Structure formats: C-alpha cells, structure tokens
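Structures incoming, each one as structure tokens.
Paired with subunit B in one complex and with subunit C in the other, subunit A is shared by the two complexes that follow.
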Partner chain A sequence: MANVVGSSVCRTAEDEGKPADWVPGGEKQTVVDPMKMFHELPREMQFITGSEAARESMRRANIDIAIAYPITPQSESMQQAGYLYDEGFIKEYYRAEEEIGTFSAISGASRAGVRSLTATSGPGLMRGMEAISSWPGARTPIIMLNMCRVINTPLAIQPDNIEMSFMLNTGILMLHAENQQDFYDYPLAAIMASEQVDVTLPAVVSVDGFFCTHARGPVKVTPAEYKLPPRDGWRSAVPAMDNENPPARISRDAPIQKSNFISYHMHASWQQEVFAAVERSAKYFRDYLGGLVEVINPGADDFIIASGCAVSQAREAVRQEGEQGRTVGLVKVKTIRPFPVEEILDAVKDAKRILIPEFNQAGWLHKEVCSVLYGRCDAVIKDGPRVFGGMTMPTEMILEWLAEFRKEVK
Partner chain B sequence: MTEEVKRYNIRMAGIGGQGVVTASHIVSNGVVISGGFSSLVPFFGSEKRNAPVESYVRISNQTIYEIGEIIFPNVLLIFHPSVITLGKSYTMPFYTGLKQNGIILINSKKPIPFTRDEQRELDEKEARIYYLPATEMANELAKTDLATNMAMCGAISGIFGLPDPASLAASVKDRFVGKGIVVSGGTAALDSAIEKKFAKKQKLLEANQKVMDASIQYAIDQGWSEAEKPAKATA
Partner chain C sequence: MSLENLHPSPVMKEFLPVEYRDLIEHGPYTNRNGSDKQTVKVTDMGKFKEVIEEHPMCAGCAMTLFIRLAYIGMPNPEHTIVVGTAGCGRLAISQASVPFIYGNYGDTNAVASGLKRGLEVRFPNQKKDVVVMAGDGGLIDIGFQGLMHSWFRKEKFTTIMLDNEVYGNTGGQESGMTNHGKVLKMAPRGKFGDKVDALGLAKVAGVDYVARLAPTNPARVARTVRRAIMVAREVGHSYIQAYTSCNIEYSIPTPDVMKDAFEIEKERYGFEEIISPLAKEYLDDVEKKAKKKKSDK
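After this line comes the complex of A and B, so read on.
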C-alpha cells in the first residue's frame, strides 16, 4: 500500500522524530524575485568549502525533491543535502540504488512538475548517461550538480573535467563553475533558466572536484530567509503529468515507432526545438549571471580563454604578467551550453594569440572555440596547455606557454 | 600606492594521524580571521594512520586566485622525519618544486642526514632549512604527541606573522569548540553534562595554546622571523 502514513513511501515529520509543532525550515522562508536574489539582496561573506557552498545554494533553491547516489567527490555535498532535508529545506530526499536508477527517477520527479535536484561525479555520470541523455528531449527541468572527476584509466578521484565533453551534444544546459562562489550562484541561476517556459530543459552545473568541493574559499551568500519562487509545473513546454495516469507515451508511438519518414521528420523537429531552446536560455543567463562570459583586459594581443578552475589559474597568470608590464586578456566562459559565440568573437576580435588551458586530455573547450572562431578571427589558437588525471595546472605552466607562444607568433 | 603582494605557498607533508589536514585548516582559517586571504586543499589517498598526507595552504595579503595543489611552493612543512627518510610522501624527493631560497621547516630535534644528491640540490636551491622539535614540545607541554601539529602551526605564525598569534588562537578555538561558543568555564547556565565536556575542551585548548606559544617563541628566538625581511613570492 503506497502512501500509507509511516510507510517508506510517504514519511511524515513525525516518522522522522520531529515534534508535533515542527515547521519545516523552507516554510519559514520568504519567496523573493530571482533577479533581486541574484543582484540586490545583501550578502554575507563565509569562508566555506565548495560542498558547503552547494548546501547554502540548495537551502535557498526551494527544492522539492533530491535523489542521488554517493560517489567521491560528490558525496559530501549530498550528505549536506541530508541536513537540509532534516531541517525541512528539501521536501523529499532519498538515496537511489545506483546512477541509472537515480537519473531515471529524477526524470520522473521532474515530469511530475516539481523542482528536482541530483548530483554526481565522473564515473557516476558516465554510468547514468543513458538516462541523462534522454532528459532534454523529454523536456524535464532538472538541476544536476556535477563534481568533475577522472573517468579514464588509471583510476583516480581527482578533478579532470573530460566528462563534460560527453554532455556537449545532449541538449542539456551546461555551466562551469570556477570556484566556491560560482558553485553557490550558478545552481540558482540554472534552476530559474531551466524552468522558463521557452527553455524547459535540464541544467548541469559542473565544478572541478576536490579543488573546489573540498577546499575552502570566500563565498558571499544572500540571507537564508529568502528562497527562489517554487517551480510551476504547468508553466513549461511540456506540461507536468500525473505519472500514475500518463496521458501519452514518451517514446515514438506504435505507428511511427518503426523507422519511416514520418518518424524521422518528427524526431528532427523535436531535436531542433531542443537545441533552439538551449539558445533561448542565453537571455536568462545574461540577466542572472551578468553575462555568459567575463572579460578581463579587452583589446589585448594575448588572450586566454578558459572555464572552471583553469580560469583561476589564468587570473594569477594575468596578474603576474601585469607585474611584468605585459597585458594579457582573459575570457572566462561561464556557460558552455549555450556557448557564448558572439561574446567570445567580440572579446578576441583584435587578439593575435589565444591560449586555451584545460584540465583534461581531450581539449574540448579548444575544439569549441575553434569551431566558433574558424574563419572569423585572425588570431593563432594554441591547443593547450593541458593537465590530465586531476593535476592542478601550475600558473608557471601558463606563463611558460605564453612566453613560447610570443616567440613562435610575432 | 598598492601594498606589496606577500605570498606564501605552503606544502605540508606528514603521515596519517598527525593532524596535517587539521593544521592546514587552522592556519588557513587563522589567516582569514586576521583579515588576510587564504585557501587550502588537502590531498590524501585512503584515510589511514601512517599513510602519506599532504595539504596545501596559500596565504596572502591580497586576493588569491589559484586553486589546487601547490606544485611550486616557497614553504615546506615536514611533519615527520619519515616523510624524508622513508619516502612517505606523494612528492619525491620532498623538496620537489621548491622555489629558490624557500623555507623548509622540519619536525625533528636534530638535522637529518640527506643523501649527497639531495644535499647538492638543496644547496643549489639555497633552501633555508629549519629544525623544530615539534613532537618533543607537544609531549612536554601538552603531554601528548597529538599536539605536534599545534607546534607546526605556531611556527608558521612565528616565521611569517601571518596569522598573528591571536588569530591563530581564535582559529584553534573555532576548530575545537565551534563558532559562537564563548569560552568561559564557569557559566552557570550550562548543565553538568555540557560542563564536563566543556571543561575537557577547555583543557585541550589550554594545552594546545601552550604548545603554540612555545613554538612561536622558538621560531622568533632562532631568528626565523620573516617580519623584517618579507620575501616577495610568486606562485
């Protein structure tokens, strides 16, 4: 019997040992306009880990349900989510049995019209990829936190963000957090963008594992008494459904299940719409994040384009070059999907040399940038430097590459 | 006029159970309490006693951008001689990446005999090697070698003045008593159970403080203080 009070399906506060007059923390919060939360509310500085930053973000995100399966280095954040559930800031929370189950279940939750959160890391993401790649087409707004971790052999738990390359062509909104502050801000922005009626897509906020999740950094947070507006499940491209009485099948139905021109046609238009929705999300991210990119030293001859932790290393390189009297520009790419094509083109239009430091072997950001700048920019684009397997990129490495680059390209 | 950038990139190496990661949190938090900037990253494999542990702390009077492990430190803290003598370390040899004229603080009461190659490379780097009898201090003053990390934290304060001793003490309180608890043992409002626990923690804090004070003084007496000769450091 489902939904019997006291069953594992629907537990009450009393089942959890709460007093009869217990009020969930979330119900004591006040809903605030997202733009006000992102840009106007006062902020208090805390010196916390990235996992704790994720917790503070979730506390303010008005989340209905969280489902996750533990994996290093994500586990600590979802353990923190457990505290939020206990305090009443997340309404439902359970640990699934593994990642395909996790990501299938969270999809069902989203389809039912509630705000749904999950989290994972490298190998967990890869295990759940079948379910994940079905999210965008099903038009399910979901927020997933992804704490990047090595997926290739030799096995490691350190941050290497090659797994992000596997999501590039799924139709998922992708943000890449640079530090603990971003890991607080980006999930909130991603939730609001993903639930817009002309977007209705899942969003993944990735961060480079241990360097952010297990390290302390300064994070400016808004007052905990304010939360985002709740999700309105009816206000979406594909309306919420009663999962027990689904109005239609999600798969291509019997007459067109077999491949024929009608099914191809339907599939094409459906997919075109998904990727158009990705592009439509850009205007929301521009508002929420103050732009899809951050540009330092516009007009410089030398430019670094980076995302995630590589931005932090590049900032220090820019600072040290500045001490030597050399101006180096920097483009921080905040959103990988939608990819900020025009912003990047505009930033580097006068550049001579472009360096793209990355924390992975594939150089996926380099490929993205090249595909955008090809034929539209005169700069020479260098495919590196790169570090693999979770190593930090020393600032010295970027400085050496810059020095070499200047010798090669006058 | 902008203030000169002071920057200390510290790699701490020790063995599991010594409190290396705790020490890095305490130092880093102390710097932030004092109004400075700091970040830290721990690095370890399976969490078990005697396994190698490293932790990286960046300290500055200016905003810190970088993240991740410190490949090219200008300060090394060696919490246990076996990091060097038995190679219990993720970084071999232990001084790999050390910047020219960097500082190496080793927990050992007597100098460690380096191999000829090690000695040559340390000489080439003009490394300044300081020996601190941290375990002896801990045993003598706190009656436990568990306070070894406190001596190492104290030495950082003695050498760099960052964090200052008061902020370091506040950070230790943060760590063991938790934020927002005023340390005053006689508060009548506390029930007996908490009082008992509190008294224990108060004793722990006092013992830790003794070790830190002694270590700060030791560093100053040895002439290790950088206060008069701020080393301008880059990453």
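After this line comes the complex of A and C, so read on.
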C-alpha cells in the first residue's frame, strides 16, 4: 500500500522506491461537487481509446482500492489503473488470483467502507458470477467496468454483449456506454449514485469491447486537478464491516440462515428492498447524466431503441434516413438498471414500428422493451437486427431492416 | 470502535437489553484497567459475559467449544472482524457480538484480503484484526485457491481452520482433510488419498505463524489465537488448524467428545507451532513486555 502512511499490508511507498518527499497524485487534486464536475467544469477534448478514457475517469474518481485479474479486452484499462496507483491516484491495488477471488476481495474492500473498483470481460464475469450476484444483497457499493466479450464456445475474444443479460436480475445498477465519452462519464456518475445512502448498491458500466476499448474517439474531459468527493464509509444503508458500531448481532444474514418462516420473510423483504433501491437510483442518474435516455426525433412513426455501440450505428441510420426525407426516432437507453420504463413509453407513445438492433444473439434488450411496452403501446416491435461473435453492424443493415419493416407494417 | 462508544449514556442504561449491559459490565470489552488487550481469562469462563453465548449447533459439538475459546483469545474484539463461510461453524460465529461477514462458500480468504486492505486504507492509525474462521472443506477444497494465494501474498490476517475432517453442514461427506480410507458419504469405499498436509503447505508458502492443536487445553487455545492475531497484525499471515470433531458424523457419543479429542491429539494431532524468525522476534518482544508490566505492578 504505497500511499498510506504507516500501512502494513504491503510495503510503504518509500520501500517501493518512491522518494521520502513523494506526494501521491491524488493528494494534489481538489475535491469538487459531483454536479459541478459533471455539468460545469470546463472540458478539454482528447482523442483517446476507451481504455484511456477509463483511465482518465479513474484518475478523477478518488478510488481507494482497485483489484482485478487480466482478461482481454479489459487488461488494458486495469494496467492503466496500475499506473494510476503508481502515480498515487489510487491508494491500493493488486492483481488477484482469478475472478472469484477478485470479486470476493472487492466485496471485502467495499465492506471496509472504501471506494472499490474492479473490471472484467465476458468469461471473467461468468467465472465470478456467484460473487457478483451476491454484491447487491450485501449492499456493497462497488464500481465494476465490464468490457463485453464473447462468453460461449467456440472461444473468441470478440465483442458481444450477451454477458450483460446475466446481470439483469441481480439488483446491480447497470449502465451501457455507447462510446469512449460515455466510458469516461458513466463510471463517475455510477460511483456517486451507488454510494447514496438510499441506494447503497454496486454498479456496472458495460461497454462493447474493442469497438470502444481499443479504438480512439473524441472525449471531453474535465481538468485532472479535480476529483470526486471520497466515499464516506459512515453513510450507508447498512453499516460497514469495520466494527465501529457498538456490538450487536450485526451479521447481515444470520436470521436468514435458519430454515423457518422468518427466513422466508427476511429474504423476501431484503430482496424487495434491493430492487426498490435500484429504482431509487434513477433520480441520481437523471441529475448526473441528464436523463436515463436520450431521445432523437420524438413523435416519429419509426423508432430505434438501442444501447451501447448499437446506438452509434443507429444514429448514422437516423441521419441517412433524414437525408432521404424520412424521420426516424431513436431512444438511447443509458441505464439498463434502473430500466427507464416511463421515459421509453413517453418517447414511443405515437410510434408504429420499433426496431431493436443488438450486439448479442439473445436479444435481451428486445425482451426488456417488450416486457415493459406490452399492453401500453400500439407499435409493432421487431427483434433485430442482431450481430454477435464479434461482427460489426453496418448501418446498411439497419436501413434494410427499416425498409423491410415499413413494407410489413403499413 | 472506541471503547467509549460502548458505554451507554446513564439515562439509557436501564432500557438496554440485559445482554448488552452484561457485555459492558462483565464482558471482555471493558474492565481493562488501562490495558490495550482484553483481560478476561479462560480460567474465569462462566464468570464473565462472553461475546458468544448461544448457538444452534449440535449438543456437545467440539467446534463450538473451540469457537468460544477463540473469541476469548482475541486481543481486541472491539476492533476485530470475523470472516466465515457456509459450514457448521458459521451458525455459532454469526451469533457473536463481533461483526461477521458471511460470504459465499469458499470465498473467505479473498474477502478477507480486500477487507483488510480496505480497513488499512480507511483506518491508518487503528489496527483492525481480521480473522477467517471456516471449515476444512471451505478452506482446503472449494477455497483452496484463495487460501493459497492469501498465503503467498502474505495478507495480514489470520486463518483458522475448524477441522472436523468432514463436510458437517451438508450431512457428512468426505473432505480433503478426511483421513485416507475413512468411509463417509460420497466415499462409499473409503476416502481415496491422504489427508491434505495443510500445515506443510502453510510452511512452504511462508506463513509466519502456523499452529496445530486440539481443544484439550483451553488456555492454550486462547493463547494460540492471541499469538496468531498479533503476528497477523504486525508481521504476516498466520494459520491455526484446530481439530474440532464432528460427533454427529463420526458417531462420537456426546459424553465422549473430549475423550476423543485427547486421543486424537495423542495419536496424530499434537500441539505444534511453526514460527518464522521474524514472528518469533516480535512475539518474544510483546510477550516479554506483557510480563514486565505484570511484574511492575
């Protein structure tokens, strides 16, 4: 632990070769109000990869501890986290033994009341799923970056966001970044939302691997001398496991272990509260991200609803349709959990046709949209187009599907 | 937690549950006469309020005796966090008035690694003791990888294996710590392979304090736990492997549980300590100081 004076877990910064008068980078930064950081600070344009955008986000996030295990395409970002640790922007950092170890350790760190970050990709996420799915019930604010990648056989390292579907019903806050800019902005917003007392939940910011992580794009960043306020370990829906509270039977789950009627009620009410907390996070994301959705051309007959990289492809399709004199609407879904039900309903209330392009085989966004629009909207909802296994989605594909759709549904 | 936090305001005192008042007035948290370590003694058991008193484990289970003794051995229970996992022990551990993290089966040493490092970041001026207490299966089978890597990384916490040589909580299946040839569930023809040499592994991994014992000598259990925690606080990792028989699955009549402990201890589970030179130097130092304090009085 290079940055903490008197620390004993690891060696001191001096032991690790830093000069005696070394000042960690984080200590030279100034804490700024999150709303000011998100909406008011001047921004400088950089042309950087998604992994570099993640690094710049982490630099400003006032992270106490980062733990990860390498996997393509995540490795690049977590190596960058290592450099940030070396520069003193992250206080503690290590490469864990594998992903169950990683995600268990990061839950231990969060329980200590410190801001805890990890990251992974497809197979790593699946390996750690038992640990991940127990984060929300443990009410551990954690920020995880997830660089989506194929999970199934035959093996591939290509982008495919099927893994996101496995987190939908866990009680985790889920954001889906469209591009490098989002991968800079969303983690900062997710950290602040996840640590609110009435939320106290983990948050995952997913991005489509390679398309975003390894490609450059324009990213407007706030000045590096400003950082988010630190996590306040005393403000939380459940106490941190720091033994700073008078003794009580404070195991969070003791009564649940007994197989009697109390256990059913305990578990049920606890889970209900977790999912209610997911909904309560919406107000923070509205403030931080300026809304849970972005809507283009409200009131159009034809709509595309998309998240992640598919939004960029859809944007281009909307533009080209516009050139042809046809107005196509677009809903960009920023938060998958909380799912913006009312915002989507409002945007598509007059639509006739809804197209849902996705970068996965299962069509999880299509299923989500259908389940909330059922009985509340007259539009026909089409499940596609879809690409997966690393394929790109040409704009022409969306345009063809739109043309076909108009023939099918008059 | 400052010990001051524990003292209820005088007007509130009468409204607090008697258990809480007992912890304050007759428990390990106070009456320290200025000592920075808990002063209750194993030999006074029964005369003071223990941080753990009730549990739903089987009558006569040796594991519960060991767990009670382990809590008495903790030098600073008010700054201790226990990490456990699925298995019989957690049924008692979760009833203690020391925070207990119950994660997923086998995750203890990973959780404790993150927890300890997080606590170091958040409380640079207050040592927090982290103690893993988990079953033989939880540590040597499903949690093996996490266990080994916490040892290799020299994480500064204590691991205590409650070794009943069986999966007690799931009804008596063989574990890696079961002896060769033992017939148990899922080993209908007798266990294949030897009991894992966890002590040997700990030694090879460079664990700074390693101890093996059976709960035959209560004062020794408490002292061993205290030593292990002190070493983890200042030097490196510490590991205690405790024989805590499962009287149910090994069909030991309840009145014979201690007889069995003495026999097994004599046969193959004798008290053993492996202490690194650094840990030895440190322990000599703190124990000498403690003795000096006493003789000064």
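One rule holds in what follows: the second predicted complex is superposed on the first by the 387 of 410 C-alpha atoms of A that agree within 3 Å, B and C clash if a C-alpha of one lies under 4 Å from a C-alpha of the other, contacts with A are read in each partner's own complex, and residues count from 1 in each chain.
Criterion: a residue touches a chain if its C-beta (ideal position, glycine included) is under 8 Å from a C-beta of that chain, and two chains touch if they have at least 3 such contacts.
If you're wondering where the values come from, they're calculated on a predicted model, not measured in any experiment.
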_Tell me the contact category for A:Lys91 with respect to subunit B and subunit C: first, second, both or neither._
second
**Message:** According to the stated criteria, A:Phe210 is in contact with first (subunit B), second (subunit C), both, or neither; which is it?
**Reply:** first
Does the superposition put A:Pro394 against subunit B (first), subunit C (second), both, or neither? first
Query = Where does A:Val341 make contact in the superposed view: on subunit B (first), on subunit C (second), on both, or on neither?
reply = neither
_Quick check for you: in the superposed arrangement, does A:Met129 touch first (subunit B), second (subunit C), both or neither?_
neither
What is the contact status of A:Gln320 with respect to subunit B (first) and subunit C (second): first, second, both, or neither? first
The chain contacting more residues of subunit A, comparing subunit B with subunit C, is C
Shared subunit A footprint, subunit B vs subunit C, residue numbers none
Listed in rising order, subunit A residues that touch subunit B in their complex are 47, 179, 208, 210-212, 214-218, 309, 312-313, 315-316, 319-320, 391-396
Touching subunit A in the complex, subunit C uses residues 1, 5-6, 20, 23, 29, 51, 56, 78-81, 83, 90-91, 94-104, 106-107, 110-125, 128, 145-146, 148-149, 153, 155-156, 233-234
Residue positions on subunit B within touch of subunit A in the complex are 25, 28-29, 32, 37-43, 65-72, 234-235
Subunit C partner, complex, touching residues on subunit A are 1, 4-9, 64-65, 67, 91-92, 94, 96-98, 100-102, 104-114, 116, 130-131, 134, 138, 233, 241-254, 257-258
